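Letters A, B, C and D mark the chains in the order given here, with residues in each chain numbered from 1 onward.
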Amino acid sequence: MSAPVYLDYAASWPVDPRVAETMAQALTEPDLQANPSSSHPGGRRAALAIEQARRAVAALVGADPARLLLTSGATESNNLALLGVARGRRDRGRHVITSRGEHRAVIDACRQLEKEGFEVTWLKPVRAGCVDPGQVLEALRKDTLLVSVMHANNETGALCDLAPIGAACRARGTLLHVDAAQGAGKLPLDVEALGVDLLAFTAHKLGGPKGIGALACSVRALTALQPLQFGGGQEQGLRSGTSATHQILGFGMAAELALQHMHAEAERLTALRERLWHRLQAAEGVWRNSPAQDCLPGTLNLGFEGVEGESLMLAIQSGVWASSGSACASASAEPSYVLRAMGLNDLACQASLRLSLGRWTDAAQVDRAAAVIVEAVTRLRERAPAGVRSRIR
Amino acid sequence: MSAPVYLDYAASWPVDPRVAETMAQALTEPDLQANPSSSHPGGRRAALAIEQARRAVAALVGADPARLLLTSGATESNNLALLGVARGRRDRGRHVITSRGEHRAVIDACRQLEKEGFEVTWLKPVRAGCVDPGQVLEALRKDTLLVSVMHANNETGALCDLAPIGAACRARGTLLHVDAAQGAGKLPLDVEALGVDLLAFTAHKLGGPKGIGALACSVRALTALQPLQFGGGQEQGLRSGTSATHQILGFGMAAELALQHMHAEAERLTALRERLWHRLQAAEGVWRNSPAQDCLPGTLNLGFEGVEGESLMLAIQSGVWASSGSACASASAEPSYVLRAMGLNDLACQASLRLSLGRWTDAAQVDRAAAVIVEAVTRLRERAPAGVRSRIR
Amino acid sequence: MATGNYCTEVRDLFFTPAHAGDIDPAAGRVVRGEAEALDRTAWVVFAALCRDGQVIEARFRAWGCPHLLAACELTAAQLEGRSVAELARFSLADLAGRLQVPAEKLGRLLVIEDALLALAASIRSSG
Amino acid sequence: MATGNYCTEVRDLFFTPAHAGDIDPAAGRVVRGEAEALDRTAWVVFAALCRDGQVIEARFRAWGCPHLLAACELTAAQLEGRSVAELARFSLADLAGRLQVPAEKLGRLLVIEDALLALAASIRSSG
């Protein structure tokens, strides 16, 4: 039996072999073992290698490397952006705008801000987890400190139209934070052009290692931040802690590769995604939660009438690794606000599946995966009470 | 010319080849690439591997793996312990006790607490950066929420007598946090026996990778913590963010090796440290900042009459990599409070050097390093104005 | 996440359910018992072929999680050979333990009991 | 950390200072100029052998950071051949730039100027 087809790229990418190679070297090369903060040649060499990698990471999103902070991942980047700006600028205003379609890292950080006395406006996503610029513009107030919207939704892949939001925020002097964990490295992103003040992303969603991420900051944002953790003063004193040379070099290599292949991969994956969608029609009673347009190339969230999600996951497990459509890979499983906001009932959310493609996905895998899923759906429906398809949808 | 002798282990250890091997595998093994939070077999296998590594890390300090939180390093662990407990328990009291000899991660976190309305008692270290239990006992009050002391000082290696402090805190229901970044894996540590509620340590100071650390918690401490970052709910909701499988597995391997070789290494390094000390006497006018007893096996902080620290560092650079005795590897260079508290004047602090030994240090390296340093000290003194030794000491 | 962890028996029963589907009508008069609680993600139908107060053959159809489907398979298997009288007293407590059904899912098994009661009722009324 | 970064010229001057040490008294009458500011980590002594109002040979002794030692070496080298009159007007501005002395260290170079002034003075008084 052949290995299961990995269709869970949205949760995490397998590390690119070239990245693993770079990291293996960084972990063994004597010249890179020192603490990058040490003043002897060993420390300075590590620091130089880090700055080179930082440039590659910054280039991925059109950021200035001098204002790109390295963190432990997008969760920390999002928290640093939200808690950091709000706590650091609480004297300037207490109002924050975000949406219920955001990743838990943003939602829970904003909930924490509410506990700390901030007023959060929770926008209702209108498009597969994303908000329309108009909603943000309406919600903006004089005392709005910060707006936080996601670039691409982690459950559906839906893309947000950032430019108008960026322009409006710039005009009002409100800081704009964007969670780009899903889209960075997959689609062109330019923080300057978009008017984004804080952009969070992570290496492990683009072929890099887990446990390293970045927060690209505008000048204004950088001066506003209060650190989440204090100490040695690394990352301009905004993110203390010994820099993890091998992690950062891995991130840098992953960023270079992503930038290099971005356009070709976007086209290739969009085609594979549609191929998958069409193959799955064989199951009948399939609906699509992901938008057909303005969507991440590799993400396809869909559902099957009359199918229970957990059983479907188990039924396909030996052939396909994917995530339930309603719970992005997170340590806890809440029903998806995003899908419900799209008008799906709990049963339909439950019946949804998130198939996500990436660098190592090919047509043969797509066809094999489709066959496995169609077969499983058919089998489960056969076992279900008559009329299940008309009830669970 | 042979490679420089690495005597900067206190800043960071070279990654142990067995750890690098484990990590290289984790970075390439298909079964370990998934997001450990994913429910498919790939995710579950990664999660299982992580739990196994967590047990090895916990075993190093006698902690219960169920209460060991994995973080990005000791800086985060210290901040999570201090900010987390204080913010989470501010209703129980506003008084915190720590010392001026602590690492910046603890000092700056406590400064932040002062900004947040907490009262911090700053004890003056009496022994090479460490406090005496009596000082803590005197400072304890009814409203003391938390005591934070270090296990081993990062500049001098001096060890703190934790047991009496632990007993006193237990008796009063005060939480005890210990920064064990320097000592964990080098000397036996047992959080239960010592009565430590929160113990912070990091992988890169014991042969593991940079960017991964741990915070061992007592039941009471665990329930008290407010997270620094919010999101997916990993680490019991106390430290969200995708778990970095390869980092954690590397930490686990490093912990196993450290535990295995702890006693033999402690003896071997103590002998090598004394050998180094005696070889350096050839320079004359050498003083020792590190205590001869109750000190980390691998740390030797000392100074040379009539020598300027920065010039000494440069003079030995091609033969020895070490840290200035007054600034532990940190992105900023402040004069050392610890050395000044020991009665050294600024010039003497400036003239101090921290030589730190570790797993790959051997007698030949020690002798070579000593020769290089003695030669450099002699040369610098020859160039200095007459009488410099009597002025700079 | 709790989901994703199933004991071997649940997996076996889930992947090779000998009693899923229907009973061939040609075999005789088939009675049914059905219960659903979609909000609890459970919908269960039992079919039985009885003779002389005994269940000769039993089948199930169900919509739900792997634990539920496994429990249905196990129940259907155990029904065969039992007396109709026993149906009402059929307990799922031991079955829940055997399949290591997580606490938060125990409510779903009640739907199986309801379906069994319905089955017993329709057998009597059809008697 | 700012420390640890030195341009090649500083390194060369630091590691091979041709003018460190003393002047052989046998060569003639040696005058000295000294200045110290330990709080600024600088202590400088210049020694010069003069003839007909010209500096024939110059040496230095110094305690301080690599930038200071390099600057002393460079200064001593440039002293040789100069007229005593020039000493007072000796400027370290260009030297600071040439050695890329970081801003926070510029104060230390003033100690070199002070030592030069002291040297000039003692030459005059010994004249």
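The rule is simple: a contact is a pair of C-beta atoms (placed from the backbone, for glycine too) under 8 Å apart; a residue touches a chain by one contact, two chains touch by 3 or more.
Nothing here was measured: the structure is a model prediction, and the numbers come from that model.
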Keeping to the contact definition above, tell me which chains border both chain A and chain D. B
Tell me, please, which chain's centre (mean of its C-alpha atoms) is farthest from the centre of chain A? D
Distance in whole angstrom between the CA centres of chain A and chain C is 42
Whole-Å gap separating chain C and chain D, where each centre is the average of the chain's CA atoms: 97
Rounded Å distance between chain A and chain B, as computed from the means of their C-alpha atoms: 34
Residues of chain D that touch two or more other chains: which are they? 1, 3-4
Quick one: which residues in chain B touch 2 or more of the other chains? 37, 39-40, 43, 313, 324, 330-332
Provide the full list of chain pairs in touch. A-B, A-C, A-D, B-C, B-D
Which chain A residues qualify as touching chain B in the complex? 3-4, 6, 8, 11-15, 17, 19-20, 23-24, 27-28, 30, 33-35, 37-43, 72-76, 78-80, 83, 103-105, 108-109, 111-112, 202, 204, 209-212, 228-234, 237, 240-247, 313, 317, 321-324, 329-332
List of chain C residues in touch with chain B within their complex: 1, 3-5
Can you check the complex and tell me which residues of chain D touch chain B? 1-4, 6, 11, 14, 17, 20-21, 34, 36, 38-39, 41, 43-45, 61-66, 69
Which residues of chain A touch chain D in their complex? 37, 39-40, 43-44
Flag every residue of chain A that touches chain C in the complex, lowest number first. 306, 308, 310-311, 313-315, 324, 327, 330-333, 346-347, 350, 382-386, 388, 391-392
